[in-house]
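Data first, discussion second: the structure below is written as structure tokens.
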């Protein structure tokens, strides 16, 4: 019952082709970027650093073209394992958190798959019956950072080496989204739009408070995933197409943003927004590439983020509840504010005088060239998609012109105006001190102390006292008698 | 009579188990094991008993009791004795290290 | 005839070894390997017979209701194959380490082998108990063989708990005999259907409790970590890889034949025990510093997986359980032999002391990594496949909790195996501390052990990939079918 | 044999078992075990199993008791071991 017939092994359609192309493209970009970033000394570690992204690419491709939930889960697991090895090079603790969360997700998915097989006799990828939907949603939720299940994301994105962060945000979380897209059907209900709106708002809210640039971007990943999940939750074909468009767009611009922040980290040795600054003059090319990404994520007309968000909103018009629409609108304002914040603090204002850029990473060197080439690829794709969104609009049955109507341009302009003015008013507040509020990950690490009693009970069970062992045996026997 | 034997056997089995659970002396543990074993033997032998039967020894007249359980019991007696012998050997050897036969102090392996 | 030979040859070897020792004073390794090969090939021949033409051998020509029947069907064959591979590997490791010297060890080993084959082949409940006791006595003595205080204490605890388990099995047997008057398992399968409910409850509670103690499942697992961690490497590998599996066979055989049609709650109890085992074993393993003790607790957890498979009470569940049993034999024997060798090289069993091994023994560490990946359940390897089959069959039985428990267990096991591997790979204290580097001992050559462990690791990969092939799944599902098809078993033995 | 004798025997059997369990002195307990074995052998004989009764008498009351006594004498003198090694 693993997969019933051979034709279930693969399921190849437009969406899986687009996703495969996307992951190959991102891996190429990251591989070009990596030589400008890698500082591993031994051959073994360098091999992992350069080889693991391709392994990730291979298994992700397998995952998106797989035709059964079982194959999907296996491939996704293996792709997480590939990323785990890269993260392990830099931060073993984050790597462990990552792989544990992914394994747990895979466990839920496999359980769901097994129940699906038991209920329907097949595990073909596609919508599942309502009573086991929660297993699938929980499993995919670990990947796609649903609220509470997102505990691993900020920490892992923040600590991972930049190529891994770019791939994580660019594709690894998207596989979860891909699974959800395969899962949705018109009777999935309002749980997905609700979750998506919560994610969009919560992600932006946390991002505004962050001072670590990578962590900030990680929270934006949560927020943008919220857009995608909301769109998918609409359940219509337009919704699914919009979700895919935003998935692709977000992969490109978020990868780009992570890579540009990685450049700052290499040049200045920190990614703390309190210390950075003035990079626009020293690294003009990096700044302009960052600007492409920032404008795209904020939804500036002409960039991919604008078109995809317009399409998401078009999908939301199709379902009755206007709440989701306004939630995404509010998240849009937050996004503008937070990228004004990054742009202003990292690139424009005077930097902390104590911070000196590293010579070898300055413009003109080979490393800078590799990095900028790696970043130029997604930037070019972002611009292309922004100006010619016809392909994705066509998937959802829309004209590409309809995305540039007044109905969408006006809210975008209003969002920008509101966001920039709010930032200007509040910039002192953003600049001074830390305002971070603890997220679920710190709560979990605090809560892990609660498990101590379990361990002490277990340890006192294995106390070495034979008499106690025999009492346990008798108790077990009595329990057995009672049970029967 | 059979029912009586069963009741006695179960009581002795429980006494043996109780001894093992409660007494700290290792010899008592082994004695408890011996009691439990004897109780099971009693059950097996009495399960073959037929009221008014005669021993199943070659020239017999009338109805003999079932000889099968006797064969089992003989095997079980020998097995039980070897278990007890082994346990006693372990106790003697362990005593060299711990210098005690107090079960609650023999707990080097734990956790 | 082959069935009888599989039992008699090892027992004969066990009795001959003391005589050879008396005659020649030194026992050559060659002689023992010849005996081992003969015994194992007899077992394999019995397995072959049982697989292709299920056979019954009535000892002394008595009818099955009063005589002793030996039965070889596909379930026994699978386990015979398993124990042959496992005990062959353990024998090779022991021969490499000890040579032919300790004749007592080999006598016990062959005694164990013979009684093990007896358990796997017998079709009689009381005979099962007798073989089980011979087997257990040999096992107690093997655990205590090194005569260190740890080994003795572990042996004593194993003995007391094991004897209590055996007494419960005997009590169950006695109740069964009381209620039905027969002890042949096939006849019992029919007779048990018509006895009062209370008697059946007592019988099933006694048998299940006794066999669970011998299996080492969680609430009654206490002897297992002690015995595994205190015995010598070859014995630990044998204990975890083979002995436990024989107990699992006995549990499987008895429960499927007796209670499948009569008392379904037995399987609920087994599932609950299995789930508890998975959680308890993994959580305890997480807290261990001693590598062998950690592996022992990991065994407790893996037994839990197998019990969950058995508890499904379906052909698929039985097949999954057998597959996992097989895989666990490969993985855990490999891990124990590797860990034993590495810790002997470093002179410590503390995980934090086992550093810098990636530099000095890269191939051993690589093999350890593959085996632990398999036992954690990384997809293409066999551990994943069998866990997946278990999850699948437990979902088929309609429960989701065991499957989620397995998922949680996977995460915990990933945590502690990663800890071991990161200790192995970390550079160690030699480079930074001011102490003079300890004299590098010349690494002992363990080529046979390495060949065994390496081939086990390879087998893990091969089995994992093979699990996709229809032929392979056909084999295992036929084992599962055999296990749950009580009528066929009855028909085979009674000749109806 | 009459039922009343059997009842008497079983009561006595249980009583000796209780003594074995309760008594603190190991030596007395071992001797009581021997008595227990003989009583059990009698019970076996009454249950028409003379062969088992014989074996029981020899092994459980004879050999096992002897083993207990040997083991007990080996572990009887803890002081002498400790003194030997401390000096």
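Lettered A, B, C and D in written order, each chain numbered from 1.
By our rule, a contact is a pair of C-beta atoms (placed from the backbone, for glycine too) under 8 Å apart; a residue touches a chain by one contact, two chains touch by 3 or more.
These numbers were taken from a predicted model, which means no experiment stands behind them.
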Pair of chains joined by more contacts [C-beta pairs], B-C or A-B: B-C
Separation of subunit A from subunit B, taking each centre as the mean of its C-alpha atoms, in whole Å: 66
Whole-Å separation of chain centres (CA-atom averages), subunit C against subunit D: 37
Intercentroid distance (Cα basis), subunit C paired with subunit B, Å: 28
Interchain centroid distance [CA atoms averaged], subunit A/subunit D, Å: 74
Residue list for subunit D, restricted to those that touch at least two other chains: none
Residues of subunit C touching at least two other chains: 156-157, 160, 164, 225, 287
Where subunit B touches two or more other chains, by residue: 17, 20, 29, 69, 91, 106, 108-109, 111
Chain-chain contacts as defined at top: A-B, A-C, B-C, B-D
Contact footprint of subunit C on subunit A as seen in their complex: 1-2, 70, 74, 77-78, 81, 92, 96, 99-100, 103-104, 106-108, 110-111, 114-115, 117-118, 135, 454-455, 458-459, 462, 466, 469-470, 472-473, 475-477, 480-481, 483-484
Residue ranges of subunit B touching subunit C (in the complex, touch as defined): 6, 13, 17, 20, 26, 29, 33, 36-37, 40, 43-44, 47, 66, 68-69, 72, 75-76, 79, 82-83, 86-87, 90-91, 93-94, 97-98, 106, 108-109, 111
Subunit B-touching residues of subunit D, taken from the complex the two chains share: 3, 6-7, 10, 13-14, 17-18, 20-21, 26, 29-30, 33, 36-37, 40, 43-44, 47-52, 55-56, 59-60, 63-64, 67-68, 70-72, 74-75, 78, 81-82
Subunit A-facing residues of subunit C, complex: 156-157, 160-161, 164-165, 168, 201-202, 204-205, 208-209, 212-213, 219-220, 222-223, 225, 263, 265-266, 268-269, 272, 280, 283-284, 287, 378-380, 384, 388, 391-392, 394-396, 398, 400, 403-404, 406-408, 410-411, 414-415, 418, 422, 468, 473
List of subunit C residues in touch with subunit B within their complex: 66, 126, 129-130, 133, 137, 140-141, 144, 147, 149-150, 152-157, 159-160, 163-164, 166-167, 170-171, 174-175, 177-178, 181, 183, 225-226, 229-230, 287-288, 293
